[in-house]
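In the two complexes that follow, chain A is the common piece, with chain B as its partner first and chain C second.
On to the complex of A and B.
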């Protein structure tokens, strides 16, 4: 890549982040009667929360280095620019929209991103560990594989998100000597890995609290450039390899019952619920 | 005529909405209870550019249109209108300088507010001059290259935390409103006494004090406009700021409506959610219609200000109707909550108390009607 200067020299990093437009999970989601997809009428959208964490992390690395560039990429229709503008209002420098109508599966997304990475030559790609719409959690891993790069998934932070380090907006990812040190959240603890740059990192929720978009940030964001690319230009066939057969809503919770006393409660837990 | 917001306006509104939901709402009840000044919330708001919305780009501000400003204000007020009032008070104090000040005065008194968090207060009302603004008795007497101010000001928002005061005083009481003159008092000069915070019914997070001026010396170069221009400057300020105040009302009303809707869907009586009853449905329908009308009136007033047209009539329509609507919506929200609505455990009693002030400050609902009638009957 040639951008990473080793030793005492300040390391300048170019970071690429994915920003996906997703249905706001904090609203009532209904499934179409035929189970083909969710009802999209009147749905609100927002940036994937894991991607906001990725953008925040990239900005902190840039701020700590005192130089660098944060580029956001979105795959989707023209409306996806709204979510990229949000990332640019947070501080990202520019956007790339890969214009695709219709759904793109994780594999096609990874192949599109791989082509964008080939053009942009970033030192580090930070993606959300998953998008909160279809919860696949595959794109980051597939991308690293297509690029032949190292990867570290589920990046988190040692310190609590209520700690002074977090309040001081320190990055959890440590970029140094051509490597990125990543604290990974694993079952029952944390794992520390060093990954050779360039690399792909995906973010866990416990990596940072993303900043708010400020009003001056919003005013600046509208002047930042967004480049448009198409799958054809990138030479990628986005025909899905995975087809969603059917969606169904979780069964409705039944109403609870009131028990007269603790004895009855214990009896019911033991004999009916069989949890004691 | 186009009722669509632009992409930028949606982004500004959403930024303010997120801030209100995540930063203001969680602490609104606490500050209402304690009456402490919410420095932490306000300093976060300042960092995000949610204060001093009126400052034009050439003075280091964001250069937002009045419509943009009202969109932000509605969201902040939906979070807590007391906090929104304290966040918005700088605009009211800086507007007279933007309206009547020289370029040098704007640099000196307005630009610094974009650089670090500071508070300024608009000082018009007096113990004996509320709605009767022209009856003010604070005097300004010329003494060489200074004016000497004497008198009292009442209900001054942020007066206890401010270090710059926009003060209206008369240079000649016999001239009535033609004697009123506008001054900027910097810092806490000798002779300026700041009273204890008022213990208010609502909007308790905003700081409200009385100020006493005893031989306070103000340099002549701090006079905004000419002697006797203060009345025009104050009235123009209020024409510009009434859409903001109207949006405070829309915000608090919307918050009450949202609580009422959520509660009506959850609360069960007679074996079903009370939202199924027409008595509740009609209250909610009226809330929505009237808040929508109030918002549109307010946006029209803001659009007139943006277009540089006279906004007095529509600004008064908006302020009067929005304030009265907010009070009605909050009253009905308490009604829908029933006994729970009267309890401090639930959020609507605060909104009910907060809404009342909007019918009073920046021109009571009665004064707005007088303005409207005067415009129609002239």
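On to the complex of A and C.
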């Protein structure tokens, strides 16, 4: 699929990254009075943090090779272009907006992305492990299955992060011989897998620290092309398989008591809470 | 009849406790849907693990084959699909842990099923079951409906009690389906070795936050006195002070021990999402206004470097 052979090492020509517009995870999220959705007044938006890591990784692979193209895809309304411009200011080359009204579930997102992949024929797709709004952590795996590709979820690095000028901006994903080697962060340790290209990789926090957009980067990003597509053009029915019926606030945990010293604390834990 | 397939996780040596919690969730679904629960154990040399699972009152299918030695999603999803079809499963359930999170979405795609992740409880009426799951880092609980005939779920082990041993179910071999070309190859697993109990299974967890300034010795000293697991916040992990394996929170692990001791932790939403299900929470923080005190059962204002060793001493002198 469009890979160029350079002796034993093959080069990745095109990397596709997903960028989702999400509510800034550092602000307080509240349910609206009828439980139909969250309160959106005054909410700030950001690119999904895991997606920024995906874009950073794609850029590092491209920079290491000295060639290649990084394409960012967003599924959402017109306002999602803001988050794509952010990715393009980091260095991504162009954007594709799949324009939808309202929200789509993980499955519809994966089926839309699969169609974009069929058109674009990337060698590698890098997505965030989950979006921090819906927290489903499914889209990458669904996409890999719909494409019939291999996958490596929760991509990380052996050591904890990062600096030394952010580890001299080396990618964690190692591309060689038509494969990508991925260190996966899983329960109990780290697993290393080789996945044949083309492949889908999803990012864990410990893969990299995304760069900031530079001022020249921001200026350049304004001129980078954004193509618009619709689900109808892609031939995808976005009727959700998972419907949100109602939202509610989680049960509040009541504040307990303050204790003056360790002796009182131990006494309470032994005799009142009976956990020691 | 709506049968429930429960996909077990194991360590190759033994069944993970999370599988028993997920089994309990599966039994709750079956009780409402009127179906039966069937377990699935996959791997190589996993016969004894299948027997252990079956001793918890569940019939088990076991796919034991060198070709599925490692839990690669491409291969294992095909085995789960086959098992689900064989028993006419209307529900496929697994613990919300990294292995099942990797595999189950592919199963959902293969079964044309909708999937809900990290389910913490059930709603709806009778056989019409809805699923409660956290969104926005647990700031919100969503009640979702899955509209497809087959429904795939991962369930949070901390939200369901473990299934108890019962009359042993039958264990039957499941023949592997045609696996086709598998494009993923296992290279190695680097296990994190620790003498302490596993974070998600410990009775007591002692966690440290930014207040440790990277010195975890008071946290570890107290944890070892109590036979507890050590946890950390995202800030600690991001600073590179502790490995991510120990992270408690939205982007880390969800824990619900009997006692959670938070040392130098402010109580960011992100962290609280991963530990607020704990039975008793103790918070020690220098800042009397730290949000952690709003959810703690017992709060103590002070310097963790003084209080943790004092607490350790008080406990050892008993």
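We adopt the following convention: the second predicted complex is superposed on the first by the 255 of 276 C-alpha atoms of A that agree within 3 Å, B and C clash if a C-alpha of one lies under 4 Å from a C-alpha of the other, contacts with A are read in each partner's own complex, and residues count from 1 in each chain.
Please note the rule applied: a contact is a pair of C-beta atoms (placed from the backbone, for glycine too) under 8 Å apart; a residue touches a chain by one contact, two chains touch by 3 or more.
Because the structure is a prediction, the values reported are computed rather than measured.
Novice: When the two structures are overlaid on chain A, which partner does A:132 contact: first (chain B), second (chain C), both, or neither?
Specialist: In the superposed model, A:132 contacts chain C only, not chain B.
Novice: Spot which of chain B and chain C makes contact with more residues of chain A, would you?
Specialist: Of chain B and chain C, the partner in contact with more residues of chain A is C.
Novice: Who does A:86 touch here: chain B (first), chain C (second), both, or neither?
Specialist: First partner only.
Novice: Touching A:218, do we find chain B (first), chain C (second), both, or neither?
Specialist: It touches chain B, and chain C stays clear.
Novice: Which residues of chain C touch chain A once you look at their complex with the stated criterion?
Specialist: 11, 72-74, 77, 97-99, 101-106, 108-110, 113-118, 130, 133-148, 182-192, 198, 204, 226, 234, 237-238, 240, 242-245, 250-251, 258-259, 269-270, 276, 279-282, 293-301, 307, 310-311, 314-315
Novice: Please output the residues of chain B touching chain A within their complex, sorted ascending.
Specialist: Residues of chain B touching chain A: 7-8, 10-12, 15, 18-19, 22, 47-50, 62-64, 72.
Novice: Chain B touches which residues of chain A in the complex?
Specialist: Residues in contact with chain B: 82, 85-86, 89, 212-219, 221-222.
Novice: For a test of understanding, state which residues of chain A touch chain C in their complex under the given definition.
Specialist: 23, 25, 28-31, 38, 105-107, 110, 132-142, 144-146, 149-154, 156, 158, 160-162, 181, 185-196, 199, 204-206, 240-250, 253, 255-263, 265-266, 268-269, 273, 275-276
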